[in-house]
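Below, each structure is written out as structure tokens.
You will see two complexes here that share chain A, one where it goes with chain B and one where it goes with chain C.
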Partner chain A sequence: MKSAVEILGIEKRFGPTVAIEHVDLAIDEGEFLSLLGASGCGKSTLLRIIAGFESPTRGRIKIQGEDVTGWPPHRRPSNIVFQRGALFPHMNVFDNIAYSLRLRKWPRKRIAEKVEEMLALVRLEDLGHRGANELSGGQIQRVALARALAAEPRVLLLDEPLSALDLKLREQMQLELRTIQRQLGATFVFVTHDQTEALVMSDRIAIMNQGHLVQLGTPREIYTRPASVFASAFIGQTNLIRCTVAAVEGSTVTVEIGGQRMPAASPASLSPGEPATLSVRPEAVRVHRIGPEAPFGIDAKVAEIIYLGSSIRIGAAINGDAIVWADLRDEEAEGLTPGMDVRLAWPPTAIVWKETSK
Partner chain B sequence: MTDLLTAASRGSRAIRPSGGGSGAFRLLTPAALYYAVFFAIPMLCLFVLSFWRAQGFDLIVDFSLDNYWKIAQSPVYHVLLLRTVVIGFITALIVVPLAFALSYVLHFVLARRGQIVLQLVLLSLFSGYLVRIYAWRTILGKQGLLNSTLMWLGVIDSPLEFLIYSNFATVITLTGLLLPLAVLPIYSSMANISRDHLEVARDLGSRRAHLVRTILVPMALPGIRTASAFAFLLAAGDFVTPSLVGGTQGIMIGNVIADQFRGIGSNWPLGGAIAFVTMALVLVVYFAAMRLIRWVTTW
Partner chain C sequence: MVGRQRSSVLAAAYVVLVLLFLYLPVAVTVMFSFADSPRLSMPIEGLTLDWYRRAFSNPLMGVAVRNSVILAAVSAIAAGALGAGFAFGVIRMKSRRLRGVLLGASLLPAVIPLLVIGISLAVAFSAIGWLQGLRNAAFGHVLVCLPFVVLTMNARLETFDFSILEAARDLGASPFRAFLDITLPIIRPSILGAALLAAALSLDEFVVTWFNIGSQQTLPVLVWGLVRRGVDPSINAVASLLLFSLICLVGISNLSAWRRRR
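Our next item is the complex of A and B:
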């Protein structure tokens, strides 16, 4: 498949600080790709380098095979939507959307048609004459989106465009944005710090940490097979349990937690006796009552019971120390009380990481 | 307690900006009163006076258009009025773009450090009006800073005569005096323009002159309007600067008006009439210029 955007060995320094450390990434045509990471991880800088607002210290940017590295923003076939919309307040909605079209000297009639089309796309049909200052937060972002899409970009860049909205509206806009992207078959590069948002919307997610690209994959790959402790902790929720490597057999590792043993998988080579971190998602942990039918697992004591509505979260302490969280359905949690002895079990696909790995 | 609450709620309703009714206007009373006593009433008196006649040192109550007729007939006034408007206009034409460029640099290039520079610019206002005019005299004078530097550098052999006691000197000095005043409103309305606005516009294909015309100027327009008013009206109304650096050929209408109200040859009714003619002319030019800016900056 042809790449819409190729990021080749991009590095960015601001004086002595390194914002981006050698990132390689190819974004496919028609793909919805999210750059996900905590603030300051370099994701916005990377987006701004694609847009042409920042020039990279090293590396090249190609858009549809064309090297655009030295190009100013106005020459690039990309357009950007900012977190706060940045609508031009002295223009109404129509004029905002028509801005790039008038600049290209489109005939009046064609502009009107295109603006109508864009307004319909973002479902603001009747608001063309509304002033930019008379819109709600969600409407502002829709107009900003329409304005960027009216310029018919090959790649649309979105810099946390939903972060300023409240939760309900954000969830609704996530789905709408996804629908619009599918409808247009356009390439979207979406920057966010919100992992749920990235999971909901993306074809692929690129996780960034401290200027590095730490993992690239589909939401499912990233969730089920995180490439590092950081990725496993950043996407969704996870238990990170300190343990010691007891035995190694190929990719299967036996670890010791508080004197008890459990099998697990490891992507890295570990040697017996080494301290490590075990990562297991709360929904993968099962809680069994101690008895003859209880499976192989680790004994613990129920410490916390938290009602979450759709599930119940149990916190169980191993040797009165490390707490492991388990998300159970209502009926699974029935009869569990604080202080009760239980056995925790999880599939051997839970991953062990080297203590030092990031 | 209840009384307090109702009073408080009535008060909060009163100061709401829109639909506040009489309460909001009550807050305007002190300013309105001040303007009435010290501006509107004197202006009205002067206006009435402009239809009177002066005979020696006496004022004769009358209703005659003689004063206005005199202005309409005499070429001297025409030349002075024209020069006044042209000097005011040229000064504004220099001051406002300079202030705009300076504000742009302060806000977008220097960002937070711009605040410090702005304070320094404002500091120059503390040095006093006359002091600053005299400062310009020492710069522009025949043996002034500029001439002696140029001669020392060998750029010129003899002092440039037009630097002082000329319309040129008046415009330069007025520019120096009015620049800080013009920066203030433009800078403050530019604060509403974020870097995002500029970046979005550039991203959509705009740049340079188009960016200035479609985004920067329209968004800073309230400030530009105020700055233009300051620069043009104050320059056109000034009579101290022309009399100190303008030379014998450089007097402006303000000098003539001032002369009508002091000294031996004074004629208050004529002074009033010239003042009103000047005011009308200056306002017409100002509003025409504002229309022009609006027209040029429609996208």
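Our next item is the complex of A and C:
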């Protein structure tokens, strides 16, 4: 498949601080790609480099095969939706959306048609004459989206456009954005620090940490096979349990947790005796009562019971120390009380990393 | 309860006293500019516009008004443009510390005694061989007004959302086009307000003017000259006119800034 955007060995330094350290990334045509990371990880800087507002210290940017690295923002075939919309406050909605078309000297009639089309796309048909500062938060972001899309970008860049909205509206806009992107078959690059948002909307997610691209994959790949301790902890919730490698057999590893052994999978090469970190999702942990039917697992003591509505979260302490969280359905948790001895079990697909890996 | 009432009466009286102190001299001047007795004494027996007529019949008055208007216009345009440009340049700087230093340096002349500025300019102009006159005074006026323009513009620009300029660039506008389409329409009322403020400051500037204008007249210089020859009630008329124009300028200046904020 042809790449919409190619990020080739991009590096960005601000004086002595490194914002982005050698990122390579190819974004496919028609793809919804999220750049996900905590604030300061370099995701917004990367987006601004694609848009042309920052120039990379090293590396090239190509859009649809064309090298645009030295191009100023107004010549690039990309458009951006800013975090707070950045609508022109002295213009109405119509003029905001028409701005790029007027710069291109489109005929009046064609501009009017295009603006109407864009307003319909973001479902604001009647608001063309509304002033830019008479809009609600959600409307502002819709107009900003319409304004950017009216310019017919080859790639649309979105810089946390939903982060200023409240949760309900945000969830609704996530689905809307996704629908619009599918409808147009356009390439969207979406910057967010919200992992749920990234999971809901993206075809692929690129996780960034401290200027590095740490993992690239579909939401499912990233959730089920995180490439590092960081990725597993950043996406969704997970138990990170310190352990020691007891035995290694191919890609299967046996680890020792508080003197008890469990099998696990390891993407990295580990050797026996090495300290390691085991990651297992709370929903993968099963809690069994001690008894003849109890499967192979690790013995622990119930320490906390937290009611979450749709599930119940049990915290169990291994050797009175490391707490492992397990999300259970209501009936599974029935009869469990604090202080009760239980056996924890999880599938051998739980992943182990070297202690030092990030 | 009684004690509280008494203290609130005292507080009110105090406020009234302070306000009287602030406004009474001005009010008296305006009042006497309409009084028909040449002696400045109470009670006022009748009202007249004679002092205004007499002020305008003074042959120097026309020159003074013309020069004051020229200086005010030069100050408004030059200080307005220079100050707005400077404030804009400073606010876009990335280093917060450098921004603070530059802003501080540009505001410092506002607290340098006018006497010092006036003398320094006079010395500097004579060193480069510029004779005293309107031109030298104009430079002085721009210098005196500039810090206040920078201050007003900076206050406005601190709330300016620069991402809208990036949005314009992103949508295909060259830097110059973005300035014309976006920046200028948005900050124009603020520049206008700052320029009117500069005009108001220039209109009643005396110290720096006096050291640099030589034998020329401006309204404040004329008033000063008249006072030297004994208190002529037509001074009250000139002062009242000056006051009125200043109130108008400051009023319009605030109004334009207020309209922008809405």
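Here is the rule we use: the second predicted complex is superposed on the first by the 358 of 358 C-alpha atoms of A that agree within 3 Å, B and C clash if a C-alpha of one lies under 4 Å from a C-alpha of the other, contacts with A are read in each partner's own complex, and residues count from 1 in each chain.
Definition applied: a residue touches a chain if its C-beta (ideal position, glycine included) is under 8 Å from a C-beta of that chain, and two chains touch if they have at least 3 such contacts.
Here the structure is a predicted model, which is why all the values come from computation and not from measurement.
Visitor: For the three-chain model obtained by superposing on chain A, do chain B and chain C clash or fit?
Guide: clash
Visitor: Figure out whether A:Phe88 sits in contact with chain B (first) or chain C (second), or with both, or with neither.
Guide: both
Visitor: Applying the document's definition of touch, where does A:Asn209 land relative to chain B and chain C: first, second, both, or neither?
Guide: A:Asn209 contacts neither chain B nor chain C.
Visitor: Tell me the contact category for A:Gln181 with respect to chain B and chain C: first, second, both or neither.
Guide: In the superposition, A:Gln181 touches no partner, neither chain B nor chain C.
Visitor: Which one hits chain C, of these parts of chain B: 8-16, 26-34, 62-70 or 98-106?
Guide: Among 8-16, 26-34, 62-70 or 98-106, only one stretch of chain B overlaps chain C, namely 98-106.
Visitor: Indicate the residue numbers of chain A shared between its chain B interface and its chain C interface, in ascending order.
Guide: Touching chain B in the first complex and chain C in the second, residues 51, 53, 72-74, 78-80, 82, 84, 86, 88-90, 99-100, 103-104, 144, 147-148, 151 of chain A appear in both lists.
Visitor: Tell me, which parts of chain B touch chain A in their complex?
Guide: Going by the criterion above, the answer is residues 192, 194, 196-197, 199-207, 210, 214-215, 218-219, 221, 299.
Visitor: Which residues of chain A touch chain B in the complex?
Guide: The touching residues are 51-53, 72-74, 78-80, 82, 84, 86, 88-91, 95, 99-100, 102-104, 144, 147-148, 151.
Visitor: Which of the residues in chain A end up touching chain C in this complex?
Guide: Chain A reaches chain C through residues 51, 53, 72-74, 78-80, 82-84, 86-90, 99-100, 103-104, 144, 147-148, 151.
Visitor: Going by the contact rule at the top, pick out the chain C residues touching chain A in the complex.
Guide: Residues of chain C touching chain A: 161, 163-164, 166-174, 177, 181-182, 185-186.
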